[in-house]
Structures are given as C-alpha cells and as structure tokens.
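Please find the structures below.
Next, two complexes with chain A in common: one pairs it with chain B, the other with chain C.
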Partner chain A sequence: MLTTLKRFFSPKTQPSDNKIAPLTPLLPPLLPSKLYLPLYNERQLYLQAKVSISQHILKNQIIAEGIEPSALLHSPVAGTVLDIIQHPSCSSPQKKVQTIVIQPSMEDPWKDEPTLPLNEEIIYSQLALLSEKKLEILHTQLEKSGIMGMGGAGFSTIEKIKISHRKAVHTVLINLCECEPIISCDQGLSEQQPEEILMGTMSLLNCIQAKQAVIIIEDNKAIAIKKLQSYLQNYPHITLKIVPNIYPSGHEKQLVSYITNTTLTAEEKPYDLGYAVFNVATCYAFYRACHLGEPLTQRLITISNGEKNINQWALIGTPIIELLDAQGIKYDSNNQNLIMGGPMNGLALNNSHIGVAKNTNCLVVLPKNQTHTSLEKHSPCIRCGECVAVCPSNLLPQQLFWYAQAQQNEKSEQYRLFDCIECGNCAFVCPSKIPLVHYYRQQKKDISEKKLEQYKIQIAKERYEKRLIRLEEKRQKHQKMLEQKRLQAQQKLAQKNKQKALQPTSENSSQEAVSAAVAKARATALSRKNKNQSKD
Partner chain B sequence: MPFHSPPFITNTNTISVLMSKVLLALIPALLIWVYLYGAGSIIQFFLCVITCYSIELLILKIRGKAIRLFLQDGTAMITALLLAFCLPPLAPWWLSVCACIFAMLLGKHVYGGLGQNIFNPAMIGYAIVLISFPAEFAVWQGSFLNDINIDFKQAFGVVFLQQEAFSYSSATLLSESRGQAIPTNINWLEQPSFYLSISFLIGGLFMLLLRVIQWHIPVGVIIGLCLMVFLAHSNETLLDSLSFHLFTGATMIGAFFIATDPVSAATSNKGKFCYALMIGVLVIIIRTWGNFPDGFAFAVLLANLSVPIIDRYLKQ
Partner chain C sequence: MNLTAILIIIFIVLLFGIIIAWVSKKYRTNEDPVIAQIDQMLPQTQCAQCGYPGCRPYAEAIAKGEANINLCPPGGEETVKNLAQLLHLEIKPLEKTQESNLTAWIEEDKCIGCVLCIKACPVDAIFGAVKQMHTVINKECTGCDLCAPVCPVDCILMLDSEALAKKTL
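== the complex of A and B ==
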C-alpha cells in the first residue's frame, strides 16, 4: 500500500530489467581462430609491442607494455604472432590503432608461462598489517597482473590500490549493482564464484590496508545474496549491503551515497571521503592474480540480442563476431546497433571484428528503430518534467537541454551540467525522444575545450608579460655594464695620459695611437650595439 | 551521418501517447457536457477541432515544419477541446473560430510553436474573445437539467444563422451570485457545473494514476483556492463557500487540465506548486472582487507570466 502510494506521488520510470535467469551456467571460453589485441588501452595510452611477427608465444606471456607499469597485455593463448596491423579497437571504434594479431596454436593453446609470484600475507581471510616496504614490493609484483577496472572505465587497478593506500582509504566498496538492463555477468559471477569474490576482496583490503569492505548488491539478485551470505561468517571484515534496484545505482557516486547519505559533487572522488570502489569482476581477477598467480587474460561477458542473454567467458581479444556467431546472434550493421556495455550507457561499436577488451562487460545487438536516430527528427521539448523525476543527480535536464541548444555555457554550469553522470535516464523517459545525453556530452566537450583554450591564452599572456620584464631587465643590466666599461676606459685613458706626460717617448706615442684607435673602434661598436638593443 | 548516442533504448512514451491519455481523461466530461447541452455542444466541438487543425496545418506549412510529426502529436486537439469547454455551447460560429485562431496563432505559433509558448494557448484564445465580445458570454445556454433541450436544427440556426438564442438561456451559478453573498443550501444535484466538476475530477485522478500529470499543480491550485476562500469569505459559512468555489466554473477543469499544461507551467516541483498556489489565490480574488464571473483564464495567464521568475528562484 505504502509503496503504491509512493509510486503514485513520485513517478519513477525505469527501464525494464530484462536480466538472465538466476543460476544460468556460465559458458566456458571459446577458442577463436584469431585474437586481436590493440596496442592502445582504455585510458587512451599507447602500448609498445614486446613481441615480433611470427614469434611463438606462450599463454600469459607479456606481449606489450605501456608507460604506466601496470598497463600490460598478456597473451590469452599459446600461439604465433601473425601480424601487427591497423585495426579499430573497443576504446577507439572510429579510428584504427596498431593491433597484435595472434593465432592460437593447434597443439596446445593453453601451454603457459610460469605464473606470478604468490604472497602468503594477503591470501588469508584476516586483516594483515604490512610494512610500507612489503606493500611496495607487493604492488610492484601485482603490477605484472595487468588488471584493469572491469566495470567500464578501465582505470588501472594497481594504480587505484596505490592511490587508495596513499589517501588512507578505510572502506572498500565492492560494486555488485548491475543496474543496467540486460547486463548480468557480475550476477552470474557472484552466483558461481561467491567465495572467490570474498577472497579477492580480502586481498584487496590487505593491499590497501583498509579496515573493512562492503559489498553493495541490488535486491533483484536473491541467489547471489544468499550464496555470498553463506560464506560471510568466515570473513568478519566484509559486510553485505542490499540496495533497491534503481537505475543507475551502480554508478560510483550513487554507491557512495548509499553508504554515506551524501552525494559527491562533480569534483569530489570517493577517496576524498575515505572510500574506494571496485567492480566485482575486478575483485575476481584480483583473486586469480593473488591466489593462482594468473594475469588477466579472460573475462565474463553478457552476450545478448535484447531477448536472449547468455554469460560467457571470453579471452581478451576474441573478435566480437565469433562470440555472436557462437550464440547464433546475427548482426546487420545497417539495421542494428552493436553496443558494448549496457543499452543505457554503452558505446556503439558498429564493427564486429573488434577484439573484446578488459572492460567489455556486455555486447548487445539491438535494432536501430528502438533508438534515437537523428538530431532533427525529435519533437520539441514540452517541459513535461519526466526527466526531472528520474534524474539521479537531481538536475533539471530540460533546462540543461535549453541552455545546451542555446550554447549558454555559463547558464549550464550554473545548472550543474558537470554533475550529470550521463546515465541516460532522462533520454529514456523523454516523450519527445530527444537525445539529451548527446547534447550534454557535446556541451561538456565544448566547455572543456573553451576552458583549455582560456587556460592556454592565460599562460601565453603570462609568458609574454614575463618576457617583456625579462627583456627590460636585460637591457638595463647591459646599459649599466656599458656605463661601467666607459668609465673604466676613461679612467685608463686618464692614467695613460698621465704616464705619457711623465715619460714622453716615440714608442709610447705610437702605442698610444694604436690603443686610442682601438678604444675609438670599440666605442663605436658599442654604441651601435646599444642602438640595436634599444630598437629591440 | 549515422547517429550513435546512448541510451539505445527508450520507453514507449511519446507526446502523442501522452496527449491521447489526456484525451481519454477528458471523455467522461465530454459525455456529460454533450448530455447537458445537447446538439449545440456537438457542433461547437467539431467547429473548434476543425478550425484548430486547419490553422495548425496552415501555419506548419508556412513555417516549413514537419507536418506529420506535429499534426500527430495531438496538442491541437487538446487545445480545441479545452476551448470548446470554455465557450458557450450556443456561441455564434465566428466566436469559436476567432478563439481558435487566436489560440493557435497568438497562443502558440508566434512564439515558435509547440514547446515554446509562454501562455496556455487555449486560455489566450478564450481570454481574447471574452474581453472582445462580452455580450456573447452573457448568454449561456440552459442545460438539460433546466428542461432545455434543443435539436440540431435549432442549434445550427443559433450558431450559424444568428437566430435568437435568448429563449434557451439561463444564468449560471457563478454569474448569478456575482457581487453578492455566496448562496447557501445549493442543491448540487440540480447544478450542471457540479456534474461537470465531478467528471473533470475523475479525469484528473485518472491522469494522476497514469502519471500523465504530477500532483503538484492540481493540489497546489486547490490548496491556494481553499486558502483564499478562507481569507476572503471568513464571514460566511466556510463549507458553503468552499463547495461553491470548488464545484462551479472552471475550477476542476482548470486545476487538472489547464494549469497542468507543462509548456507554460513552472519547471521544478517546488516551482510548480508555487505556480499552482498563485493560480488558486488569483481565481478567488478575481471571482470575489473582479469584474468577471470566473477568473480562471486570467489567473492562469498571470501565473504564466510569472513562470520565468519562479523558475529563476525555485530551481530545485
């Protein structure tokens, strides 16, 4: 009764869940005919290949390195490097980047390299107090695992651990909220591997030296909750928090607000309040690195055509088309969108030959007519306020749209455009079908570019002013020096004249004539130089 | 250029779906109106709808807009129906046509069409003809409840051929009591405005349930109205004056169907409530001390005027 009343008075229109049935088995990894591993990662960093063409490689062998020590690529299979080609990637679907192509070996594709070193200190279910030195060694070792945030942003996990340790994070939040429709890989993982997730969480806690961990899970994952709870008694430092399934509860800011009851502003990061957020898949990958010594070479992916969903383990670099084909999902680029990530917040790839990345949690093929198709076709905004009712950041999307159209950047900032997390709720409910997120992204980009421009102008202006001051100082210094030299020359001349007056000889007089000429020449040269300087 | 921006799914709600829900909510009132006022009202409805759509079509063509998209959205239909509910059922044809032209032209398209108008279009049309031709509004057809029943031929004669309509007319409660004390002991079951108010209320609750509108505006209007009744009519029986103001004139249609026009209302929830309070208060002020029997149109237009300032100060 109360909930119906609540619904009546605060209308929330949610995208339908459309999730996989609980306890659906996870499909084992597919061995593709080729793997595409781009030398360009999710943080827009270029990597350098550590293998050459036609070289034989083993599974788990490092094949590329970046500037960041943790930006690594491991080969998911044993095989041969076929080629290094220009190919689009998940993080740059529009432009081609250097990509290593690996052909798995026919005989033994799983033949692997010696694993990462294991550390006993962090694999227990208790908190371990580690010295700074020990931690540093640990972090350096774990950098070799190549783990990245697997929820979406793709931030290096080891970097995050280091920052969290530096910022004295006390609580680690494990994100088990898959609020987006369709995506269910985290749900599947937590149903099948609950204990491993808890073990990974403990290792994370120890590496950060945090005090406790909270797993935040949505109430629609009943089986996963039950399974996790049955293991929790062995882990006194981990608790479970069940939150309602409301899109976008899985967003970092929403998660922190569940725990602290305060909302983070655009500038604040969870570290500032003493929290660090890790995705549950990251947690599992961390378990594999710490307990089994395996680097990150495969991940769980939800594959869907909007109706049929399946969770499948996939090797990093597996071409998307092979994954789709294995499920019998047809992709036609003219009439369908291929989306990486969820349908609410994902990225349109439109090329099915791309290899999956470490942060590819979901692949969806959806018909194009379900989507916003163009900027011209939508109806005008009628200010109905549906978007206001669903905005998780409590913004006024219709006003923001107005100012985005008019390019009134200052007004948009007043209306907190940068607090928008681009969840897509507003565009989902909009009766005029306005692609609002597109407008906000455009304007954010525009504002950032203009600010950068302004900053550059400011810097250039300061530099110019400093140069003027420097030049002025230099000239004054020079003039002073000249003055001094002139004075010295005059004194010398006076002295010589004195000497000459005392001992007048023919030798002296000729010498004097020479020195006088030299002095004269020097004086003219100096005056010319002086002139030039003043021109300058 | 292909356009790829999330979200890749949307719900099925569109403007035309929204408007058809409003239409659905108007059906009970429509039936009661036709039952009460008979043939004249049917002629009036058709007249308004046809005029509004013709003008919409014409202006969309002139402005070079996507005709199908805008004709399909159904906003012209809502404007036409709301106007027809405001005009006397036996008003001469030129009055209705004028009201429709002003509504669509001055109320909507001069500002840039759907979504851009500052004022409620139907109320602009109504207010202009009300001020320009007050005499036509003095004649209000008696309802079926007063045993006045006219057929199509008679109605046609009055509307199109300027025949005498006086024999069909009767005073309404609001115009009767203007400038006097509020009548007590009204037998509501004999009042056409009561049945209409109830049907609008039902339609409004239906819209609330379907979440076409939010509660802020209707509740705000009614609270504002009650507050002002309490202040202005404290010397009379409160219950009588409250029921009088709630069930006469345009209170219910206004609270649920006119003030809730999202385009011309305030934006934030607080702003909406404030905007609605203002309407409620203004209605009673105009009814009690003003020169017109019902001030709903003016109250809405005045509140529309203050929307920018409300939006400025009540952002959240």
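== the complex of A and C ==
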C-alpha cells in the first residue's frame, strides 16, 4: 500500500512524463560572454585567488585554491581575468562573496594548459592490485582535478575515495537515480556516454581498491538501461540493479537500503557497512580526469520551466541567465521563482547572474504560486497523518513539526530529526501547505549550532582549568624555590656565625704573630745597632 | 517469637544506619552541585566582565546568592533565561550587552612581542614568545577582550566571523 502510494505520488509541479525525449543530442557547452567563479565553494570554504586582474589565462589553468588540497578551481576557458568583484554565488545566494570574472578570449577560447598526468594503472577494465604507496601518489595526482560530488552535496570526491579506501569499502554504488522529479541530467549523461561512465566506474574501483560496483538505476530509464547493459559484458565487476521509480530513491541512504535491506540511521555512513556511493556525473568527471587528464570545468545541467526539460552542458561559472536565454526560457523575477536543484527541496535564487557551480544539477523556473515557500500563510497542522505515510525515513513529521515549533530540541532528537533527508514529501502532501522541511532545516541548524557552542564551551573550560593548574604549579614551584633560597641563605648565615664564633682564637693567634714579628724586628734592629756600635 | 522479630528488625535498622553513615562519610562532596550546573551554563569566556575573576567564581557567587544572574554579557539573554529557569528566579535584562562571537586578531606587523597579551589570555589562545611575533589561535579564542586593553601598541582587534574570514583569506 505504502509503495503504491509513494509510486503514484508525483509532485504537482512535475509534468506527467518528466524525462526528456530519448536520445535528444546533448547540447555542447555554451560559450558565455562572462564567467563568474566564486572564491567560496560548496563546502563553505573560502578559496584564495591564484590569478590577478587582467591576467591572461588558459583553459584548465588553476585559478584558485583552498585549504583542502582538493578544493581547486580551474578556468573553464582561455581568456582574461576581468575583475575580482563581490557577487552572490550558488552556495551563498544571500551573501556576496569575492568572485573572479573571466572574459573568454575571442580567438581561441579552448586553448588549454598541459593536462593532468594520465594514470595508466587505473584505466583498464580489470581490477588492478595497487600498493599503498602507489595509491597515495595516485590520490595526490587526482587531487589536482578539483572533482567534487556532483549530485548536490559537493563533498570532495578524492576525500571520499581516501576515506573509502581506509574503511575497506568492498562495493561502490553508482547513483543513477535522479534525486528529484524534473531533473534528468544523470539520465541524459548515461544515455549519451554509457561506456565512459563504466570506464570511470572501473577507475573509481581501482582507486578505492574495492571489489565490485553496482549501478543503481530507476526503472523508467529504459534507454539508459539498454545502453549500459550492452557494454556491461566487458566489465565483469560492474552490475546493474534496477529499482522502482519512487521519489526519493536518489538519496545515499535510500540507495544503500535497496542493496542491504537495512536502514541507515543519521549517525551511520554507508562506509560503515562497506559501501561508498558516487553520483554518475562524478563518475563521468572521474573518467575525464583519469583517461583524458581533464580537470572538472563543465557539467550537464537540466534546465526546465516545468513544461520543457533540456539537458545542456554548461561551463562552471556560466551565468544562469545566459543558460536560460539560450534555451528561450523567460525568467521574470516578479512572478517566477528561480530554483537551483529540484522543485522539491531546491534552493530559491534571487539573482539570475550567479554563475553555476560544480554541484548545480538543475535550474527550474516556476511561477510563484506553484512553489510552496511561504512561512506565514500556511494553515495550522490538523494532524491528519498524511505525512507519516509518505516519509521514506519512517519518521513522524507531524510530531517533529510540533517540536520544531516549540523549539524542543531534545524531543526532536528523540524523534530522530537528524534521520530526515529533507526530501520534501511531507510538505508536498500536507493539506495545510506547511513548509515542513523548512522547519526541520531550521531546527537542525539550531541544534547543530548549539552543540557546537557547547563543545566550544567545554574546550574553553578545559583550557582555562588547565591554565589555572599550570599557574598554580608555577606559583608553587616559585615558592619552593624561594623557600630553598631562604634556607640556603640561612645556612650561609649560620656558617658565618659559626666562623665568627671561631674567629676570636684566630685573632689571638694573629696578635701573637704580630707581636712575635715585632719582637723579631726589634731583635734584628737591636743586633744591627750593636753591629754598628761595634764598627764604630 | 516476638522478641526475635523485634531483634531482627533492630539489627536491620542498625545495619542500614551504619551503611548510610559510612556512605555519607565516604562519598561526601564538599561542593555544591548547583555550582557545577551554573558553571556549565556560563559561556566560559573567562572575560571577568561580571566582576569576578572567571566563570567559576561567578557561578559560586550566584550559588551563594551574592551575585545577580544578569551580569554575563557574552552569555547574552539566553544564559540569563537558562539560569533563571535553573534557580527559579525572575528573568532580568542584561546589565550590559556585548556583540557575541568575536575573535581576537593580532596585527602581526605591529606586534612588538611584549607577551603582555599572552599573560592576560585566560584560555592560552595566544601563541608567541618574548620579542617574537604573537598570533591568536582562532579556534581557541573565546573573544573575552582581555588581551586588547593590555596591548601597548594597540595591535589587537576584536573581529566578527565575517571580518575574520576576510583576514584569514
């Protein structure tokens, strides 16, 4: 019953057949007039520019780097750095951050730098046994590619590979389930580049030293399944698993539960069970890095206005408005919402000149009345329980809403708020139109902040107490030293007094000596006198 | 029969009495548990703005009823609220407020290496040596502002997180 319910459940913003017509050619990357590359990445890290204003740069040249070695930004085109300005970005639409503006060169915008070194060990279609040292070199080389998770979360892929290797992951799961309705870029990619995806998967396997890979695909992607299957015979370590098209199967935890039949809790990560999940677009980017030596500078994006869905290659940093214009999609900021990500839990942008980021998988323009984002206007919760039926994590959304409103953080945690994957099902079925996910996000943020604060308080307290102990020790040591000095002084004084007590005798002796000397002198003087007298 | 029953009961009572007496002697804590609870609620910046040398002495003063609960500017109204709840007191407005989440930042080219700020820091978050440039360990700084007044060359700034991010860029 639940499954059927979920299965027939489809967002109202979603057209009856949301997937693109099969095999429409993917459009080549659009060359925009300007590119906006923010110095602030998807993981809230500030980057440092490696180029200066009016400098000429080549395609694939590193233009910024961060504290994490893999947080690199490469120029998608050859051209000139126009300026470094304050501009909103995909990761911080409300706040302006430093952004590099690049103007593509007129003559040869694709003139590129020498590419990354090719890694022959991992480009075969067979598993390769690599030594730890070799792997470390490989990982360091691949850090230069700047690949990050392209499904949306934006976690550094190389970092994930390293962790997976450390945790002895045995199975790599390739996510070919779209994370939201409307989005079809992963499907488009797998229809167009099936072999490249399989090659990328093999490289991933070899980098992690895992044993097998499973591509998890939804059953409505018939062409992609057929295409992948035709190549699979050459890849004995990769299998295909077809799952029903139920929103939200694209989530990491949902995927793992398809394979293992167990549900992961908020604290558990797929590594703990020996799995690592990679998005298919990440896989393709990995293929380009390993086999062609290209860093990540472009990605496939679904562009939609609710009726028309197009998959388009876009250079990282292309302003959103140029992508929309190229597809003839009109955007009017007064009556329409521009959403990055899917319609269910995407992020509303208020500026269409933002450059697309590495994890921007979809851009949707929807009329304002079709999106549920108003916080004030919703009706009260009637506790109908619709949301309970559709929650993929088996939570009690109406109860969580209650606690979120009352800010009862402990209760919320008891009701497993952190297991919520923010899929938006509950908000979608809610008859009172309550933006539930918004409340959950807010509360999660509050709780995390409070925990961080508590942790900081604890650390500060420990440091303060340690300092007090240290100062006390120092004081005691000082006192001990003073005491010792005093003792020494006393001893010296005592010795002196002792000597003084002995001195009278020595004084006598000296007096005797003096008188003896005087007597002697007198005696000699007398004898001399006598001599002189006898001479006379 | 009655006598044995009475004797048994007297024996049991005595036994329990001895056990209780022994336990209370053995596990006696000299400290008021409320102090630890109050201390836990304070922000541990050790800024001494309350007039006490640190958070713990302030907690002790509150527990004794000597100090008001609204003297902690870094804790803000949140702390006052929590304390009021714990001690069943009325919520009072803060005596003085302070911008929270500040971090000290040393302008390193101006620093003369006098170590005065190192001595002032209650959480050992400043690193340096005599006639060597000093620097603040951002992660450990509580923003208590005790180091800024002692600096003879005024090279210590108190920054909010945004300004700090720009500085460390």
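In this text, the second predicted complex is superposed on the first by the 453 of 536 C-alpha atoms of A that agree within 3 Å, B and C clash if a C-alpha of one lies under 4 Å from a C-alpha of the other, contacts with A are read in each partner's own complex, and residues count from 1 in each chain.
Definition applied: a residue touches a chain if its C-beta (ideal position, glycine included) is under 8 Å from a C-beta of that chain, and two chains touch if they have at least 3 such contacts.
Just so it is clear, the structure is predicted and the values come from calculations on it, not from any experiment.
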For A:382, using the defined touch cut-off, is the partner it touches chain B, chain C, both, or neither? Pick first, second, both or neither. first
Counting residues of chain A touched by each of chain B and chain C, the higher count belongs to B
Taking the superposition as given, does A:126 touch the first partner, chain B, the second, chain C, both, or neither? neither
Of the partners chain B and chain C, which touch A:54 in the superposed model: first, second, both, neither? neither
With the two complexes superposed on chain A, say which partner A:488 touches: chain B (first), chain C (second), both, or neither. neither
Should A:343 be classified as contacting the first partner (chain B), the second (chain C), both, or neither? first
Identify the partner contact of A:239: answer first if only chain B is touched, second if only chain C is, both if each is, neither if none is. neither
Parts of chain B lying in touch with chain A, wherever the complex brings them together: 2-11, 13-15, 17-18, 66, 69-70, 73, 75, 113-116, 208-209, 211, 214-215, 262-263, 265, 267-269, 272, 311, 315-316
Residues on chain A engaged by chain B in the complex (per definition of touch): 8-9, 11, 13, 15, 181, 337, 339, 343-348, 350, 364, 366, 370-375, 377, 379-386, 388-389, 394, 396, 398-399, 415, 422, 424, 427-433, 435, 437-438, 441
Provide the residue numbers of chain C that touch chain A in the complex, in ascending order. 39-40, 43-46, 54-55, 122-125, 140, 142, 165, 168-169
Complex contact set, residues of chain A against chain C: 39, 46, 48, 98, 456-461, 463-464, 466-467
